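Okay, structure first, notes after.
Think of it as A, B, C and D in the order they're written, each chain with its own count starting at 1.
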């Protein structure tokens, strides 16, 4: 793993116009994705994690959403400053994406072979026959049984897990250097989730690509991610190597999430949930957005928005956006 | 779990920032309502102000252009027709007929349609199959042809027009109500009421029917324009209202024979008709955008 | 696919049977003696008796229905007393003119309506979209008989560039086609616009963008194909309104088609011809809808493969 | 369980089927066995966790017990009375002691009713529970009980967050003072932080009101957290059932083992590395289940006998009941 980042998001701001007013879905998020590494982008509803992914790919739904600030540097070029044709060229070729719901993400009226093959036809100018052969090869690689027969099937004829494999095959078609997977297993059953996570990890290993896993589930990424970036109300609240962050949480939100999870083993204890409800983006509190749900909140948290700083007393890449990070670290069990 | 993330993007997209425009389509709703109120008021009190006598003929005042002075010294703002009738008076009378026919048809078609739709959508099974096949047959039969056929047999009269148009319009109400009843019946809150022990009647009254009101009102607004147009078409063909109660369609048909000498007889009522239908369309669209965007295909 | 075609064919036959039955029921439901109504007040007793015998009115209702059905199957709608010819052949003579008018109007609507709808959706909420929407609303709200008259006033009497009535040349076809096409075209524009707007937020359109496809490919290949699916059904149903519209347009422009024959026959109380015309138009409509269903099945594999 | 106490709920050989209609004439051409012979007991105050993936029939079990689906065969005994054969009037009396909390906090509340109307509907249907003049104070009490502001009774569901809505759903279920509450994926639609709040509330209510739960979920950690007994379902059948401690410590059915192995672990570093069991394929269609053992198509231990002989759900290896010919103890899956 080289330390040179492949993708570098700096102070990203994305706004959406809704019927109720303008919402800042991403509010100054910054993080890096290095070559060949797996980064988990973690957050609950309204954290802005999916919008961040859309911004990275340049597919923020227009005209409601727009990037209002910051930069997304990919391989030395700022994606936000490039002309639309240039970013379109990068999509699929360099940066690919897998979405949460494979049924709605595949076009219901085209055969899956054609949908995968379209990548080769449109980007590489391959013939119908070549594209078909490539699609078949990819379907085999992602573990779709009887791939020759299934090439001409439609998405509705596949099971949820197989559909997600088709999505992955499509994303991998042009060997991208960065794969973004937005909740790739949320719509799937546990046993199928295990298959898909296993497949993603294997493919990443083979391709040597960088992987951004967007999820709300702390457990799903623990085995595969190198680093984790936690988002809350459009901001990055904590980031660092995943084991370091999980075991030594330096932000009360991360600590709260860990305390909310029922364990699969050990003694059953009363859960220690986070108080209150996820943030209403239309009505965010002043200062730290997490303040109303936080046991550590002080006056300073209302006046001053905390910035992402190195977690006190922890090794370097671990950072937290909390005025009371030190106290959070010492108070944790 | 990411639904809020997705909601944010999907619900936000169809419209631009509405913060400057208030709630969806309120300007259009105000416009539509205003025009319709003017028509209704004109239809209600107009015939009292400008007397209309269907059997009067004044040959000396035939085919006078708009703005003419008539033999009795009155001003014919919109001119006169082939028998010397004041066109404005005739049109005010026509407005009354069009609106009355429209409302009566809607009431009849709506009652039948909502009842059938509720029964089909809520109870489902063979009842749904039978009722909806019936609706399919009705739809597979061009409604204006059915109307022409029935009207031809029944002969021209206001009541017959209402019956004919109601027969050809109930299906829309039935389909929309059925669709809504079907989706509502499957919602978890209906299941919740059932687990509390609520009976069928209570479920329909408390859960299903209230959910149908908004879409039915939207459909009614859109449909009333269609009904008024259909009434005018039938009357134009001589199959609608009789000559003694001249609706706009009758007046336009009468003017056809005098196009060379008196263009106004056919054109002016047509403009009045089109403007009313446009306003109803604007209102219907705005209501649909606000209350039920799923009905766009109507 | 075979099961699907069979299903739709079965339904078409069912609908035709329903249409025939509706005509029978309506004829019998109308108060008074059908023979008397059909012949009119000035018919003599012998004529009435003859028609009563022909219709089998002396028999039970079920027998009457059976007779009626067998007559319909043999395309026998009796003689037209007024025109002294077989009712069905009278109607068939008029079919080509109506088909010519309706198909030209359909073609014009599709060629203009679909692209306008796509443009409106792509430029949603701009002045282009608003202009197209206003045009569509006007097209849907303008009574076609009135529009026909206004166009006669303008182009035939005023500018004198086009004939006002009759048939024969392409010039004769222009005004009736525009009049007939406008409401249909307006609906098409609106359906295409809303249908496309609905699907552009679907996941697969996002996927298509994420694949790095050209925006034109995203819209015309991925989005439009799906948007067309619901449009096709509604277009099929709205085609009935277009066929109904031929009655009005043919009357206004004295176009020698089935619609005008129908109105003339109603005036002459020539009910054999009336029934034959209505059933024929209904058959054309059912045929078109069968075609639409097949297109629907072609467009949507979920429907096509459901039976397999 | 000691034999002298009658369980609150006894489900015996429950079958629920859905008709399968042909496309051509919409005739019934077959049946999908969504639930194919399920039996279990829930004692008063106890909690049974029912786990399974989609298509396992776990939600259908719940819906059949509360009467939302028709029971095709078998019996549902509530305090000894069989719900499948009771006269309607008695049924209403019995059924009200059995309430349900639904999955979707958005779809399960009538958007056109206020919180007060949602809760009092139960008392309007059963007028003997709470007299009309006591409605307001009782609603306030219930709202407080589930951790909501009682002053919000006049608000509409859309004015609440997901977690708060689920609390309203709980209040509604409690309005008839039930003895058994069925939680059908009651926390799965909630954010993790909120899910924990609702789980704690459910645990409190069980303690304070002596409620029994049938807790249905696909998340094994959640089920483990709240249940006394656990039953694992696959394609309409229970494949393994045991006490919570035993099932998670010593699962013997391959499916349970695979499920446990697939549970995402937020702290994998805290325990010795484990070899994950990843089973291939998807759950087959319940319309056409495999012969013999229903899990055999995805099972790594399957042999010929599995296709011909349906394994009975009976105690295996001297432990708890499991439906597998080749039941095997595996303790390394979870460090207990």
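In this section, contacts are C-beta pairs under 8 Å (C-beta built on N, C-alpha and C of every residue); 3 or more make two chains touch, one makes a residue touch a chain.
These numbers were taken from a predicted model, which means no experiment stands behind them.
Across the two candidate interfaces, B-D and B-C, the one carrying more C-beta contacts is B-C.
The greatest centre-to-centre gap from subunit D, using C-alpha centroids, is found for C. Subunit A and subunit B have Cα centroids separated by 51 Å. With centres taken as mean Cα positions, subunit C sits 21 Å from subunit B. With touch defined as above, residues shared between interfaces to two or more other chains in subunit B number as follows: 1, 9-10, 13, 15-16. Multi-chain contact residues of subunit C (touching two or more other chains) are listed as 125, 201. Touching two or more other chains at once are residues 191 of subunit D. Across the complex, subunit C meets subunit B through its residues 11, 14-15, 18-19, 22-23, 26-27, 30, 37, 124-125, 137-138, 140-147, 149-150, 152-153, 157, 191, 194-195, 197-198, 201, 230-231, 234, 237, 240-241, 243-245, 247-248, 251-252, 262-263, 266-267, 274, 278, 281-282, 285-286, 289.
On the subunit C side of its complex with subunit A, the touching residues are 125, 201-204, 206-215, 217, 222, 225-226, 229, 299-302, 305.
Listing the residues of subunit A that touch subunit D in their complex gives 44-45, 159-162, 189-195, 198, 216-220, 222-223, 243, 246-247, 256-266, 268, 270-275, 277-278, 280, 293.
Only residues 57, 59, 61, 63, 88-93, 96-97, 99, 101, 104-110, 118-119, 122-123, 154, 156-157, 167, 170 of subunit A touch subunit C when the two sit together in their complex. Those residues of subunit B that touch subunit D in the shared complex are 1, 129, 187-189, 191-198, 202, 206-207, 210-211.
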